[in-house]
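What follows is a set of structures for review.
Consider the two complexes below, in which chain A is the common component and chain B and chain C are the respective partners.
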Partner chain A sequence: MRILFAADENPYSADALLQVARLGENTWADITLLGVSSRSRTMDGKADALIKAYHQKLLGYFDSNTSPYFQVKPGAGGKGGIHKQIITRVRKGNPAKEILEEAKNQESDLIAVACSNKEDYAWEGAGNVPLKVARDAACSVLVIKEDKKINKVLCCLDHDNISQESLEMISQMVTLFKADLEIVVLKDSDDVQERIEKKLSWLINYYSARSIFPCIELVKLSHLETFISQQARWGLMAMWMGKKSILERVFPSNKVSRLLKANESSVLLLR
Partner chain B sequence: MQEVLISLQADLASGIAIRYACQLEKSARFNMNAIHIPDMDEKGHSPGSGWVHQTWENAVIQQARKKIAQLVKEDLFYCYLTRNPKIVPGEKEQVLLDEMRQKNYDFFIEGLLHSFEPDRFFQRLDSRLYRGLACPVLMVQNLTDLEKGIQIVGTRETVFSVLPWYFKLLKSLPEKPDILLCHFEAPGGKASFIENDTTLISGIEDRFLKHGKKPGRIRTVKGSPNELGLLVRDHALIASVLPQSRSSMASMLSMSPCPILLCPESKID
Partner chain C sequence: MKILVLDDEKIVGERLKASLEKDGHALETFINPVAALDRIREKAFDVVITDIRMDDMDGIQILEAVRKKAEKTKVIMITGYATLEVARESLTKGAFDFIAKPFKLKEIRGAIQKAEDALQAEKN
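Now for the complex of A and B:
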């Protein structure tokens, strides 16, 4: 697994670093720290220093004896031993474009990006970079909202296309945030079809085996936005956005923005 | 030992209900009796009458027995049943009411997947079964972690109708139950905690003392059913009086995805 953490110079990015560290350590992921120096901004020259500082801060979260991000010295008796990378990158240009380009080059599995609580999924002074990344990325995206305590992971998984990777990602989020898991079943009629029930039953077994008791909630598609605005305020909203996803059919890319804007919480878009 | 009836269909809701019941049984101790009522309509119209009809009905029952045996087998790791599930053809609600009357069960369990839209919950409250039962119904909507504890929910008028059922059925659970006293207001108002009524609180504490128990946290809250609904979401079990459909209490409970014990108003000691 490879995580790309795109950061700006604001405190929400610095705060999100801890979560990226824990996620990286839990999943033994390679981590790329990316800073983007926008031509229109005054960050030129500072981006290098910023990313270096983040790198040092990130390393500070790990135990050098057990973390996969440190080489175990021969005879040191550490528990690590599998070496994972943390690399730093600085790019120049349009932030959203550069982040997407870097994710593509690195073949990232997850882009993590923090954002301000003041505006809709925005980087202060740079516009809605996180929103654009969430909307246009080819891989999964975790948008961590500033100052939002995550007590619940609300998971809108597609009924037919649930991949092992996305289930594992959800497990990681539940563990990472010590949160409850709620599986939202989107339906377009009153009945829950037998094949959906089978899938849900399988999900309950999957998560129960990991001591996670998912709470299942049926929501009509027509009420999804209301549901999100009411229920997602103290959660992390996880949505599967695969090509065959029911969400993708009902909410094409221009509506993803609308859906995200209706939501006050952090968001994980699974692809 | 309490006798409990659980209604099983070959579906997810029943799978969740049986697992939850088995989890609960480890602390609450009861004998679990299962019943399955096959959906005869699902198999088309009965062919003919007399022995032809009888043979068809037997075949449907055999098939239902297999399906339910499979469901129980899948979840057997988690629990046990007192005996094999009873398979009784007929109109579902009538069969259940008859069975409950004949055997005098202490409470009834069924699974119902939780829906964000309250209509399914209201329909269930309005059902002949719920209105006709003399004992509580445990509506299991999700599997929950029992360590999340019980919350008894009521108004100053109804809370004393729930307590006797709690002492009868769930007293042996290790956690102290929290109590939430609700003052319902018109939609729009945010939920806020208000000062407890000391007379009411001492009345509740006295009831617990009589049974050698202590209540957990007692809170009084005011707000609209929608806002108060946020306070009934994170528990292992919610206990309440069976409310009138579409009442404020029903609207609030409809927002809870937790298992809900709905108790009839009739007083027991």
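Now for the complex of A and C:
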């Protein structure tokens, strides 16, 4: 897995760095730390210094004897396997565009970005960068909201078209945060009940076999926005936005933005 | 390269077999850890790709068994429930790589290529 963590200078980014470190270490992911400076030359040094500081903080988080980001020391038991990378990058320009471009260049599997709790998926002083990244990225995006403890993962899936990748990414998040899982299965008004029940049963069996015991709720697509605004105040909202997903097929991008804004929790958009 | 794949999700083995055989590797896939371990005892593999959480035996036990039987064999761990404890144990017990699900084929291909390079370097 390759994680791109795009950070600004605010405390929420520093806090989220620790979540990224945990995810990285749990999964042996390659990590890129990205800072974006505005076009003004006076900002260049600031972004460089920020990313260097985050790099040091990240390295300080890991134990050099048991982390894949360090050479395993003789006697530690390791036998010279692959060592994972932490790389730092600073780009100039529009933050959202630069983050998306870097993710594309790096072939990132996940973009992680933090945001303020005060505004809707925004970077303080830089507008709604996380929202734009979440909406427009080609890969999965994790938006970590400031001061939100993740006790529960609420996950919206199509009953008809659930990708293996989504199921697996959700398992990783539930494990990472030691959270409960609630699965919201989206249905169209003309869906056949029997087919839905079959899929639900399959989902319950899939997770039960992995010692994850989800609550499952059926929600009509037309009620999704209301449901999200009522339910998503705790934890992490995960939505599958793959090309074949209902959300991607029936929701224009401005509606996706609205859905995100209606939500108070951290968000994982699966692609 | 001779590769053994062990995952109790049949779809994982099937997907890897279809793709990696096209790359010229010889694959044997297993969903049962005990059967896989028997095979590992019979035959030397260059690479073992194993899931970590399975019913009868976990991937760490497979890793230990492989390290004991064939030290040169590179073990690639895959997991859908990556915890720090398992990640650290895999590292200290000598896993060559650790890949979290969902993975892309290019990740597995990359790990196999690096394993091949490492085996070649050890020979020289």
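Here, the second predicted complex is superposed on the first by the 249 of 271 C-alpha atoms of A that agree within 3 Å, B and C clash if a C-alpha of one lies under 4 Å from a C-alpha of the other, contacts with A are read in each partner's own complex, and residues count from 1 in each chain.
Here is the rule we go by: a contact is a pair of C-beta atoms (placed from the backbone, for glycine too) under 8 Å apart; a residue touches a chain by one contact, two chains touch by 3 or more.
Everything numeric in this text was worked out from a predicted model, so none of it was measured.
J.: Based on the superposition on chain A, does the combination of chain B and chain C result in a clash or a fit?
T.: With chain A as the common anchor, chain B and chain C both fit in the superposed model.
J.: Can A:227 be said to touch chain B (first), chain C (second), both, or neither?
T.: In the superposition, A:227 contacts chain B only.
J.: In degrees, to the nearest 10, note the angle that opens at the C-alpha centre of chain A toward the centres of chain B and chain C.
T.: Between the chain B and chain C centres, as viewed from chain A, the angle is 90 degrees.
J.: State whether A:85 touches chain B only (first), chain C only (second), both chains, or neither.
T.: Neither partner.
J.: Identify the partner contact of A:164: answer first if only chain B is touched, second if only chain C is, both if each is, neither if none is.
T.: Touch status of A:164: second partner only.
J.: Check the residue A:176 against both partner chains and state whether it touches chain B (first), chain C (second), both, or neither.
T.: second
J.: In the superposed arrangement, which partner chain does A:219 touch: chain B (first), chain C (second), both, or neither?
T.: The answer is first: A:219 touches chain B but not chain C.
J.: When both complexes are superposed, which of chain B and chain C contacts more residues belonging to chain A?
T.: After superposing on chain A, more of chain A is contacted by C.
J.: Who does A:201 touch here: chain B (first), chain C (second), both, or neither?
T.: Touch status of A:201: first partner only.
J.: How far apart, in whole Å, are the nearest Cα atoms of chain B and chain C in the superposition?
T.: For chain B and chain C in the superposition, the minimum C-alpha gap reads 13 Å.
J.: What residues on chain A does chain C touch that chain B touches too?
T.: After superposing on chain A, no chain A residue contacts both chain B and chain C.
J.: Which residues of chain A touch chain C once you look at their complex with the stated criterion?
T.: 1, 22, 25-29, 63, 65-68, 72, 76-82, 107, 109, 164-166, 168-169, 171-172, 175-176, 210
J.: Note which residues of chain A are touching chain B in the complex, please.
T.: 180, 182, 185, 190, 192, 194, 197-198, 200-201, 204, 208, 213-220, 223, 227, 230-231
J.: Spell out the residues on chain B that touch chain A in their complex, using ranges where they run on.
T.: For chain B paired with chain A, touching residues are 11-12, 15-16, 113-117, 120, 141-145, 226, 234, 257.
J.: Which of the residues in chain C end up touching chain A in this complex?
T.: Contact set of chain C toward chain A: 11, 53, 67, 71, 74, 80-84, 87-88, 91-104, 106-107, 111, 114, 118.
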